[in-house]
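For reference, the structures are reproduced in the following blocks.
Heads up, the next two complexes both have chain A, just with different partners, chain B and then chain C.
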Partner chain A sequence: MTSAGTPRAFKRDGRVVVVGASLAGLRAAEALRAEGFTGSLTMIGDELGEPYDRPPLSKQVLTGWVRAGGTTLPRRRGLDAEWLLGVPAGGLDLATKHVRLADGRCVPFDRVLIATGVRARPWSVESEAALDGVFVVRTREHAESLRRALAAGPSRVLIIGAGFTGCEIASACRERGLPVTVAELAAAPLTGALGAVIGDVAADLQRTHGVDLRCGVEVTRLEGDARGRFRRAHFGDGGTVDADVAVVALGSIRNTEWLRGSGLAAGVWGVACDTGCRALDVSGRATEDVFAAGDVARCPHPLYEDRLISLEHWANAVEQAEVAAHNMVSAEADRRPCLSIPVFWSIQFGVNIKSVGVPTFADEVVVTQGSVDDHRFVAAYGCRGRVTAAVSFDSAKWLHHYRRLIETAAPFPPRCPMPDQPADARPVPVGLPGPGLLAQGATAVVTGRTRVSAASGPCTGTGGRRAG
Partner chain B sequence: MRVVVDLSRCEGYAQCAFLAPEAFRMHGEEALMYDPGPDDTQRGPVLRAAAACPVQAILVDRLEERDAPVEASAP
Partner chain C sequence: MTTARTHGTLRRIFDYSARADPYPLYAELRQNPVAVHEDAGYVVSTYHEITDLLHDPRLSSDVRNLSRPMPALEEGVTTAFIKKDPPEHDRLRRMAMRHFGPPHTPGLVAGMEGDLTSTVNSLIDDFAGKERIDVVDDFACRLPVTVTCHLLGVPREDERRFHRWVNDIMNSVDYDPETDPKERLDKGVQARKDLRRHLGGLVEQRHGRPGDGLLARLANDDGPDGRMTDAEIAATAKLLLIAGHETIVNLIANGMLTLLRHPQVLRRLRHQPDLVVPLVEELLRYEPPVHIVPWRAAYSDITVADTVIPKGSQIMLMLASGNRDPNRFHDPDRFDPDRRDNQHLGFGSGIHSCFGAALARRETQIALTELVRRLDRPRLVADPPPYRPSPVLRGPVHLDVEQGGD
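Now for the complex of A and B:
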């Protein structure tokens, strides 16, 4: 059959292709069926096997509790889908409405969902990245290889990059009792995502747990022995660290190369979309039949000046998948926007770190509850006088309140009294690094806008556009 | 069986860790670690934990045994 025709006809026997068979792709496929879509459904994925959950890979898999192959996602319903797995998509032809696979096969569609996510950023020098003992963690195969290397009892583990993944891996290594060095270019861990104030808390957390934390240093070279085994890392300041294992945790690369030449507004920051997850073309117009969801999508959010925001968040993949699926099978008037407030979590060194909002969209931060010395607190983030985000360490139950402050654009610093409020709560500059570092550490990145608005200049703290 | 916890919802009430300690463990005071693929012998406790979760963050597979393994396969 040809295109959609009416929404009802499309729902009955349209053809949907979902490119990307991980969390966003799976949840979108389930949501399509739940919405009553009875047409043909094709799932394309570059990895073999069923969709699986990634967050455990840097935590309970590395500590050895859970098998790397044991994180397959639960299903809420049968999908009645055709699965084309083990081959990545190689191209998208919007004129003939085909997805081209890397092996040359073509898959026709009426509507397509782009959910190709991200991959781990590899070490930049290929010969050094290929050394035995150098790892990244993104897939279950990666996690299984690293788990095995850790179980062998290396003399020391070097972790390059102290974003969330790097910190979680460092935590897992310490749980195993392994000596760990963490090397970070910024002044503290998590700075690219949460700013310098919380970064200092994260640094304290690492050192309290016995991590040899080196900040403000660049790893310049990975050295191997005659048998091609990683042995030593060289730093920009002339220092070295001897280790058997190096984990490269320098953030991710969005899987958009296959969309080159497709006519979509896709690039290193992801696939630009409207708020309803419809992909934009290079002219900035929303396409009718192409949608995007998950880590690869960048969508405008009205609470953040309609800037395009890329979120590598589990909950965002789920939300966008459901909105995209709904909009794929709905008439124009029934479509809905994705307006939920971003939520993120990380578990490291026995602490539950959570955030609501977009901490990189801020110029000031204030500790509003608890005590940073105890590693148990909430900090509110503000941009030009309104609350834009909050981060909690072991205080998740308070975040509902902050979510309301964000949704209502409440004044910053928040004026209402909170339980357990520190006596000397004063806002301080948020201390986000420039765009170069942001790209490596942040999981929520403000990446600019589709139209330039004369009404408001950029907020000083939003790294994505700052300093051009 | 398969389990996933929406940790963006989880607030660390630890009910699951009391009801199904083989599958759910607290890591520190608030952080939850869990086994996404617990043994089928754990089904009872895991379902009780999912039902007791105050924020309903625990999702257990709803496919019948006859539907699994699902359609996924290599080309």
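Now for the complex of A and C:
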């Protein structure tokens, strides 16, 4: 049992620390209070200011429709929490049950939620990343800087990486009428997430909207002028592109470094958990008092062979936060798993893209409804003869049906005549770049076997503000 | 799955004697989520099964996909998107939505609020001093056609005729050959013809003359899908007039009736006008204007709740029963305007979900807010009130209310 004794005692006056004050952290804190938790609640976040929503940062904020400061997350209830903002967590000591902040302060807990999320992967050459005009987009400060650069009317914007973020930013630039070059290592945009078939549709969509799309190319060097301003990018094939703005959209890095040596199974792939969001230790055992939620968590899903999957999806963060909060204040028998089917959306070039299931868990794909040429269709994904995911372009109202197919492990390809079925609906290989999810093992990533000593220096309170 | 009992239950639901309170019969029906009935085909009454079917791409709204075709009221007439399948349905609905809602026309309903409020209040002005009013005839019936005419951009002097046509059409919908004079049906058929011809004429006049109304916008559309034909525009306008009439009349009348049966909620609404938003949602669950989707066609074999519905079958969806399904809604027979997670079937669901939902919501919210604000101690004269014959579009035919006095 925990230091706070019975679940009822813990609920009344336990101490919960939430590390990470973004969507997952805030929703978990709200859920804890909604569950009747009246103990002390401490929110630790490396960014200053109120928790905010990130999806608009690569869309409406860049077009100028929404202010970067205007995406503060709505509060669903008062929190009565202590907020320790502006300082990242530096370590986790499970033996003495303290979170150590980067500035040396220590925060004691009975139970802790890890919701530290991810950060943007920076350009690999530091001096080139530091050039004026080179951006990443993850925080609202990032988005505001990029918006200002776009509003200044650059001669061309180069976007490095055509994942969802890169594509959305390209779309925002085109909406502003700016010339855009997108450079992608794979054969098409979105290939890593949705495979080559849908990637080709995304490529067509970009070219239709005037994007200079270069696939199968690697950006090797960012060149600046004498004043340190970005001017030109060099490609592996010897080509170049002149631009004033470069956006590095090469995915993310999970914020798990602070957990090194904690004894948790945490590493570059995230924090391994059980289905109830309890973190696993390096031996693969579920811990009693450490939970994880959101982008940083890596949970098994029974529909996907119990593989540990980490999803950087908005709805995933919300659901895991609610499950983690519930389980933190519940007795073993009342705990529940996080089993809903993942969903994801993106808006780019006027098209609403939505997915249900895990498209990377697939070997084949088939267009089941609508027309690829019109950029309006549903595609079903299958793995070894059963439906595992579906992706829609401007046809999201059908996804409920595909979610049911996924939940019931319906046979793939679905073989039912329906109105608006393409005449040549044949399954084709999904075309995911390997090694994909199917190649990954199902075990926890065993990292950080060496334990570090307890927090450096004496712990003398936190000195935070009480707010909310 | 098929039992004599569900058979009898459906028959009793359709019998007029059940109109005031069909809900206990719906509960009986839900014992068998999918039941076969000789006339109605497959009758589906539980929330999750209805929702699954409304999102099932194998369900068709095109009458030609029924193995036992239904008699058509009018032959060779352009049908509106409500009776079409994708991709044709999607194309027509998209072209209409371009001028009705976001993302292309985001401010339309909000922009109508002033007009809605003054229309509602001028109707209330007419009976403000009277001791007894009929919420249906004196108020609800007079609102939607006026609002839809404004939306379409129909000239004010035509509105009277539109009211008459819509009334004649609605009267003919309930036509029962055994009890009703044939004249009722004939009037409806004639009104459909007249309405269509008149709308066609209005569309023709609007070519090359861009204006604010929906007719003018559709007649001069230059969107990515091109332009609707004049017959398609007339069919769409006719759909909005008819689908947006009795539904709203019922929603407002059911709303007032429900409030009068829950005086504590009525009092709350008077002091807390914001309550009207969740209240109307709860109303759409608790007393929806459309109780039944009378038919959809199985385009191929569909399995629902372990029942195989064969291709070509007629499927009847009991929306109002799904709204009271205890497997979806906690304490479903309680009217609770504070209910959370209220994903009711009041506007249907899926690709055919109510086109005019945003306008219907605002229209009803304003109507109920103003009625509650301005009526002086309103009291029900008869409970239950008399109902219209239809079990599909269910609502009071009159709702007499007394106000003022001592």
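By our rule, the second predicted complex is superposed on the first by the 431 of 468 C-alpha atoms of A that agree within 3 Å, B and C clash if a C-alpha of one lies under 4 Å from a C-alpha of the other, contacts with A are read in each partner's own complex, and residues count from 1 in each chain.
Criterion: a contact is a pair of C-beta atoms (placed from the backbone, for glycine too) under 8 Å apart; a residue touches a chain by one contact, two chains touch by 3 or more.
As the structure is a computational prediction, the values presented were derived from the model and not from experiment.
Of the two partner chains placed around the shared chain by superposition, neither chain B nor chain C is touched by A:Phe235. Once the two complexes are laid over each other on the shared chain, residue contacts for A:Lys397 go to chain B and to chain C alike. Contacts of A:Gly70 after superposition: chain B is touched, whereas chain C is not reached.
Of the two partners chain B and chain C, more chain A residues are in touch with B. Of the two partner chains placed around the shared chain by superposition, chain C is the only one that A:Pro419 touches, whereas chain B remains out of contact. Contacts of chain A with chain B, set against its contacts with chain C after fitting on chain A, overlap at residues 397. On chain A, the positions that touch chain B within their shared complex are 21, 43, 48-51, 53, 55-56, 59-60, 65-67, 70-87, 313-315, 318, 343-345, 347, 349-352, 354, 394-397. Contact residues on chain A toward chain C in their complex (touch as defined above): 368-371, 376, 397-398, 400-401, 404, 416-420. Residues of chain B touching chain A in their complex: 1-4, 6-8, 10-12, 27-37, 59-63, 67-75.
Interface of chain C with chain A (complex): residues 51-52, 55-58, 60, 62, 85-87, 90, 299-302, 350-351, 353.
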